[in-house]
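Below, subunit A partners subunit B and then partners subunit C, in two separate complexes.
Right, the complex of A and B next:
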């Protein structure tokens, strides 16, 4: 009875115990970093000798952190909008189009997700050096959109595959123009896919480190570049404070996702 | 133009111009810089220092893959059959870990694993060790950090594979007298093997080219391939050698990706994101 939860006996106890351990392992660094950010030890002693908000104070006192966060937010927002738009158009073609080589083209669009980022990073770095786009917002957005596109295409194409096209056809039979039918029938029906695409492509840019390290200039750096730089010089608790705010952001994103999914289902 | 092709144009232009062309240009550089020929590849494949980097990379990727599969399988198994209320808590933890900033997670491991870190302190307090273990700036640290990052990528697709197995086949086996151990070895494991192979291959490919975690948790004497490539370009400005190393990484990755596509079929190879 290996797949019957109620009749597994001792095996269930063992597997459940193991699952709890792994969940604890996955949770450990996240909880640890939040606790650490309130600890008073500059040398990251744990458990800390006392509790403090000092590191958050230092974080907000340094305008470079805020500036990096705003740069990241700006680049990730534009990237997500572009990736969703381009990904939406591409998904319609990939799911509904009839042409030779469709699978190959799908594979090509998904390749940036598979190729090691470091290869793409040095390739686009060299390319943008020549075009004079290194260290510019446009350069960042273009490179991140290439990386984010697969994360937009997959959920949208999946949602579109699950949508019954005859409903769209029915709207057209009832007098809607093809564009109107798509905008008012199809898009609302696949909104979970579009929404997932937006979240994933935003995160793909927001969390992106490797391309950003190569692309950044002294005047334009994203939050991961700022964290990377600090990590390489010391393990200051200020990084823990910044990291904790990122954890809060992740939790907020998860909450919004859960809420919207519930709302979309009903 | 064939029907429905137009929508692909923006994506194709973007990917061709800013992905295919730059990567091809890089490839070209590996056989032209500093002078035409294959000397960069000869250097990389003939030198013991570089052989060591390749060996480290394959070693770490293999160990990470094996450990990840072994840890992920029981968890995915439980998640597939657990009451959904309980499962959703575990899924929540997995998503939280996966969506938390990569550098944040790696930073946490840097602090946890250091000489005076919590893990060494705890092990010493309970008397298991008397001197701190070297857990960071070596391949041990890289492996721990990488397994941590790869686990969600293995668990989530495996849950799907295990859920697709009909519990009736196992009940039938039990009725025919199979012991749970037999049923596991001869039914459950073979039926989940495609999922394990696909997920394992994905973890292996991702580990081969991983940059951030090895660069932060690894040591200077045990470099991995991605870090070496970045260093060749960024610090040594040796574009020829760096491009050649990048191209070797590209070929290996793409070959394994093609194998994975054959295993699971296009579109699902990426774990469904």
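Right, the complex of A and C next:
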């Protein structure tokens, strides 16, 4: 290799230092938020004068926070299920199909990942206003499913591409109908892709804020919208507590994905 | 006429402008081990896939005991199949793989259990029942695939180059296994391969494919000793083709003149030749003799190279016309041979030579 780490000499130290700096830049804000959520200062002073669990207490005492969290969980769960279902069907078409416009379809399914979210948010806001879907769970779910689809299609299509169709054919010769062969053989074989798709699309909805701000109504708010709203009205450490919990849940889901991948690989 | 067990009638398969199978007609009796042999792209796999139901033929028919299979979807044909690639279900254990075809047929649990045990014993993998396919070697995987394909006692077993991914030693081992299983179960096997040795070892009969047509069907001996065309002669075993001129044919035995002017009578002939027509005479390397006998024809050659190959020697010789010959006498026949002579006669029996069009 041109740049072999073992042969870089003193440059290794520089590279290591640079990497640590980048990692710190990415992670420090999160660490600060978590530290502040345990700090006793109402004004988010750093370093905190003392440590407390008070803000977590306030967070759990306020039903609005809990409701926002449940709303987020509900919307993200339905979104994940829909995205996986549609992503699965789309992946079969993209990987196995031979039809005109297949590449266009692939591009279209991945567009939400590259399209500026705010453009999509305004478009869907205007559209849903007309349909009367603004501020409804259905509206949230539909909008988030569009955003989550690329995160479902990519892992499922990748897993399906790596699955030898001869195995499905073998199940069919064994007497399984084409549908039964897919349900009993193909889907279990690509389950890593399906689990990844479910978790990624759950997260895509769970921490989505731009579209959610447009979709939200005073009675229907997701957790990120609630954090955003609270931030604007009063800067309280409760927000830091809520954010910390959001981070913890996200990390937990990522850890589960990593563990599942490791388990399936062996 | 008695009804054949499996019958392929005028099968044709075209992919757009390309015709993969032109016109394949074949009757296969029950219990036969028939091999489709041929170079890649000769239509042998396409024919097999049409029988399995993965390809719809453009025309023609496939009949099992007189009933057409074409309208029956793959999963209801009740055919066993072993594929070229490893197709065990990766998330199921060896035992569950073998049980799969029985479970989709909703067989009672006790029967499934008993059958799985029988099948594992048949392929000698009893101790691997609880393993996942990923923990098996390629040869073991193909043996499990064989057990899975035979678990539901299908009347026909299709095998599509099942050993091509294995190394030579393992291939020979599993060939013996397949022969034994064929003998024990009496299942009718259609086997696809491009490996002539594999075909000769395994089959009762071989159908040799070329460009979507069957060139010749017969036992390995038929194809080797009585090739119908020069393609068959060239594909099965090794062969020398000598330039010749046809003089006359009487009762299926031809008289010809070779390039050095010598006249040979009594060679086998397929088809009709005119007087003076240019032709090619095929002689197997091992049909050459180093000693004269009363019926043999002779050829003066220059010895280019002699190599020791264990039970045989391999001689490279050149005829007066400049044609290279591959000659493989047994080592015993070479004991009295004086290798210091650069020029000498070699002999062949005209009855072991075949005349083909040039």
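To be clear about the criterion, the second predicted complex is superposed on the first by the 264 of 266 C-alpha atoms of A that agree within 3 Å, B and C clash if a C-alpha of one lies under 4 Å from a C-alpha of the other, contacts with A are read in each partner's own complex, and residues count from 1 in each chain.
Everything that follows uses one rule, which is that a contact is a pair of C-beta atoms (placed from the backbone, for glycine too) under 8 Å apart; a residue touches a chain by one contact, two chains touch by 3 or more.
All figures in this text were calculated on a predicted structure; none of them were measured in a lab.
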Clash or fit (per the criteria above) of subunit B with subunit C on subunit A: fit
Subunit B versus subunit C as contact partner of A:164, first or second or both or neither: second
Touching partner for A:177 - first (subunit B), second (subunit C), both, neither: second
Chain touching more of subunit A, residue-wise (subunit B, subunit C): B
Which superposed partner A:134 touches (first subunit B, second subunit C, both, neither): neither
Superposition-derived angle with apex at the Cα centre of subunit A and sides reaching subunit B and subunit C, degrees in steps of 10: 100
Touched partner set for A:118, first subunit B, second subunit C, both or neither: first
Subunit B versus subunit C as contact partner of A:30, first or second or both or neither: first
Lowest C-alpha to C-alpha distance for subunit C against subunit B (Å): 14
Contact residues of subunit A, present in both the subunit B and the subunit C interface: none
Interfacial residue positions of subunit B with respect to subunit A in the complex: 2-12, 14-15, 18-23, 25-26, 29, 71, 74-75, 77-83, 89-90, 92-97, 99-112, 114, 116-118, 121, 148, 151-152, 162, 165, 167, 170-171, 174, 180, 183-184, 187-188, 205, 208-212, 216, 226, 229-230, 233-234, 239, 242-243, 246-247, 249-250, 253-254, 257, 261, 266-267, 270, 272-273
Complex contacts: residues of subunit C adjacent to subunit A: 52, 54, 73-81, 83-91, 100-101, 104-105, 145, 148-149, 152, 158
Subunit C partner contacts - residues on subunit A that touch it in the complex: 164, 166-167, 169-178, 180-181, 184-185, 188-189, 191
Residues of subunit A defined as touching subunit B within the complex: 1-5, 11, 15-16, 18-19, 22-23, 25-30, 32-33, 36, 43-46, 85-87, 89-94, 96-100, 103, 105-127, 142-143, 145-146, 149-151, 153-155, 157-158, 196, 200, 203, 207, 209-210, 213-214, 224, 227-228, 231, 235, 239-240, 243, 246-247, 250-251, 253-254
